[in-house]
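Both complexes below contain subunit A, partnered by subunit B and then by subunit C.
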Partner chain A sequence: MADDFEPHSLDQDAFLSEVHSFEFWFQAVEGYLSDRPYGHREDMPDDPDSITNRDGLVTILCNYCVGEMAALEASSGMVRLAPNNHSRIFMATQVADEARHLEVFEHRLVDLGVDDPEVEVARRANPQIVEFKRRLLALVDDGDWEAAVFAQNVLLETMEYTVFRHHAKTADPVTAETLEGVISDERRHLGFGENDVGRRLAQDRSGNARLLDVRRDLDPLVLGVFDAVFDDLSVPSVERPRLGREYLDAVERLGLTA
Partner chain B sequence: MSEVLSDIAEPPRRRFELEETGFKEVPKKWRRFYRHWQGPGDVLAPNEVICPVCKVVIRSTREFRVGDKVYCMPCMTRMVIVERDDGGLVAHVSY
Partner chain C sequence: MVDFLAQYSIQRWLEMCPQGYLEDTVYGREAGESEPDEILENDEIREAAIRTTVQLVVGERCALAASSGLINAAPDHGSKTFLATQTLDEARHVEIFTRRLHDLGVAKDDLESTITEHANPNLIKFAEVLLEKVDAGDFVAGVVGQNIVLEGMAFSVFEMLEAVSRQENPKFAHTLTGTIADERRHVGFGENRIGSLITQYQERRPDIERLQLEMTYHMLATFADSFRGDAAAVDEGRSDDAGPVEWHGTDLASATPEELEGVLADTVLSEFKTRLGRIGLEYQSPPVPA
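Let's turn to the complex of A and B:
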């Protein structure tokens, strides 16, 4: 390869073939996860007893687990719905990512003293994220790839990306490092979603109205989850519009505004 | 306009040596083309733009100019460089 060769020289098909490949995923996650079993370095000092509002952190992680379960179940169903092999292979890598996220969050719950994470997640889950999961899986069950990608990879992933990035700045060191690895994965997921939906709408705007309906249906749940998590994270009200803006930017770039 | 004619009409582009900055979210051969934004106090060089989708800094071996195509590999986004009202350059998502 010539010294001045760079990714920006690739044609679009070559670019998509590279970034959707299993090999790209494997080499990427190897870069930032190989020394982090369960999402963080094993030798990191950890003192759960010193964590301020430990019970609040347990509730937050339980709700993260619901989001990850939603994405794990949905993306595994979407492998079958994918319109081509690039998308199918990418979605398979997302299944692995989501399974890892669920595992590392459950592992962190055990660190924090939770005996049975599955029981605790069911007990503490916010009803709005549970309802979001139900509606997302209904889109997958209907075989609606476009709506499912929009709901999962744009709405859910953008929400998680925004919340996790904010949380990582204030969390205890072990939780923060665990979140950072998840955030790195989420970049791929939300980017895949926005670009897949964006390319489809650029070719045929007829899907626009239908996706707007999906957004109208899910937006109240997403915004409700945002509020609940921001309450749990004690995010000052003055900061919330800026964080919400990051979520709105993605749907506005796609032209999916009311 | 071809790149040859463009280079006649405009000053030659500055070239940059890229080194890895600790960004590990893409395979090793692509890592030097991306870096994490360091927040307030960080400054973009003429060969850098921010990805509007995932907020990673995208880098090139040459300075960016209007119309250049750029890719963000961490989030799989294709963009085109455009000029802001204040004359600065930004990346605009191009699906």
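Let's turn to the complex of A and C:
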């Protein structure tokens, strides 16, 4: 891709084909994954013993792993549901992104002294994120592309984007840098979701009511996860409404007001 | 198994593939490369190149559907991770071969109709046999079908096309080089991961061997259609000025369509026998396609 390439100069179809391509993904991740094995620079100072509330961090990362596994399983199922070639290719890039997130979080758990991340994740998983995963995968199994994109690329990705950004500000340096790379991916996934759902709703508002039902079904779980993670992160209660609002604002930008 | 699967991590894939052999490539080839005028200016050869490339897109779309579909059926974390990398590899292959169709003059709006028009019916049946197993969540059969049979076929087809294109069409040859490297990794995973599962689930052998037999039948029928019914396709990439192109004992530059079909089929089947033997399965010989 030429350095002066400007995707916004393309017509809509060409633009979508371009920004949802492997090539675009390839150029995007090169910027923030080069020389960062497992999501962070190898020479970063790391002292897990000095991390305040290390056990709380382990619980948080375990729940991030549940969210990432949900996204990996959902996005892989959505490849075949995709309505066109460029959405299919984008979803394939997301599959690899989600698998990478799972890998870097599990790698961090090992750094923190967890012997078997899979066992620890199962032991510490918050029931509400587990239930969110079950309901998301049910939408995928039903072959409902629109609802699955909304649940995964809007609701789940917004939840993760909000939590990860907040967490990165207070985390130890290695965890923070790992989160920064994940946040860059989430921004891309969220952009796809908002674009796809937004365009569909703009063409046909009849989908609104159905997606509102999905939202009503999943919102309590998302807000429950927020509470649990914010407890583990020791977020002061005065800050919590603002973070919850960030999530709600992102969803309501699509016109899906509860 | 844990150590073996560590070789298929996302981190390892990032280092080997995007940050390795794909570094500095654009759509899998060098920037600025284009299809040769000999193809673009000769309608018969250009149409043949389109027909050949359509089969590649069809095969890769099947591999994309299969690899992504097998993630949820995978029994362990490491296999899910590997299949996530394979999903993206296959998406890349779909993209670069689709891109080639556009480079050969297929308009964006005509893409699907061109694929529908030229897709070989036997290749579609080949894909359907595999995807039926994937849809059923049958991980063992799905991986044998995809990572041994489909990938084994793709590996040899790409190698042959790369050899015949190397002198006259470096752009296409370079595109194929990266896909060959990917397919080698996919086949390696299939052999390594499935051997232990076949040992564990001996009762699955007859069903899996039947899958291999059916897929092989449709593959050979596809080869027969491609070489015997499409003389122009044989000429794609060949030139009177080019020297001999040796591939598995055959000069691809001068071989007849029958000889080309023969060397490709023999090479793929020989690879099948070796790879199936490594995972404890016996190659099943299909009836000769009509």
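Just a few scattered comments:
Note that in this section the second predicted complex is superposed on the first by the 250 of 258 C-alpha atoms of A that agree within 3 Å, B and C clash if a C-alpha of one lies under 4 Å from a C-alpha of the other, contacts with A are read in each partner's own complex, and residues count from 1 in each chain.
In this text, a contact is a pair of C-beta atoms (placed from the backbone, for glycine too) under 8 Å apart; a residue touches a chain by one contact, two chains touch by 3 or more.
If you're wondering where the values come from, they're calculated on a predicted model, not measured in any experiment.
Judged by the touch definition given at the top, the superposed model places A:Arg88 against subunit C, while subunit B stays out of reach.
Contacts of A:Asn208 after superposition on the shared chain: neither subunit B nor subunit C is touched. Of the two partner chains placed by superposition, only subunit C is touched by A:Leu72; subunit B is not. Of the two partner chains placed around the shared chain by superposition, subunit C is the only one that A:Arg80 touches, whereas subunit B remains out of contact. In the superposed model, A:Ala250 makes contact with subunit B only, not with subunit C. Under the contact criterion defined above, the residues of subunit A that touch both subunit B in one complex and subunit C in the other are 1, 23. Within the complex formed with subunit A, the residues of subunit C that make contact are 9-11, 14-15, 18-19, 22, 26-27, 64-65, 68-69, 71-72, 77, 80-81, 83-85, 87-88, 90-92, 94-95, 98, 108, 111. Within the complex formed with subunit A, the subunit B residues making contact are 24-31, 33, 52-54, 56, 60-61, 68-78, 93, 95.
Those residues of subunit A lying in contact with subunit C across their complex are 1, 13-14, 17, 21-23, 26, 29-30, 33-34, 37-38, 72-73, 76-77, 79-80, 85, 88-89, 91-93, 95-96, 98-100, 102-103, 118.
For subunit A in complex with subunit B, the residues that touch the partner chain are 1, 4, 6-8, 10, 12, 15-16, 18-20, 23-24, 27-28, 31-32, 161, 184, 187-188, 190-192, 194-195, 198-199, 201-202, 249-250, 253.
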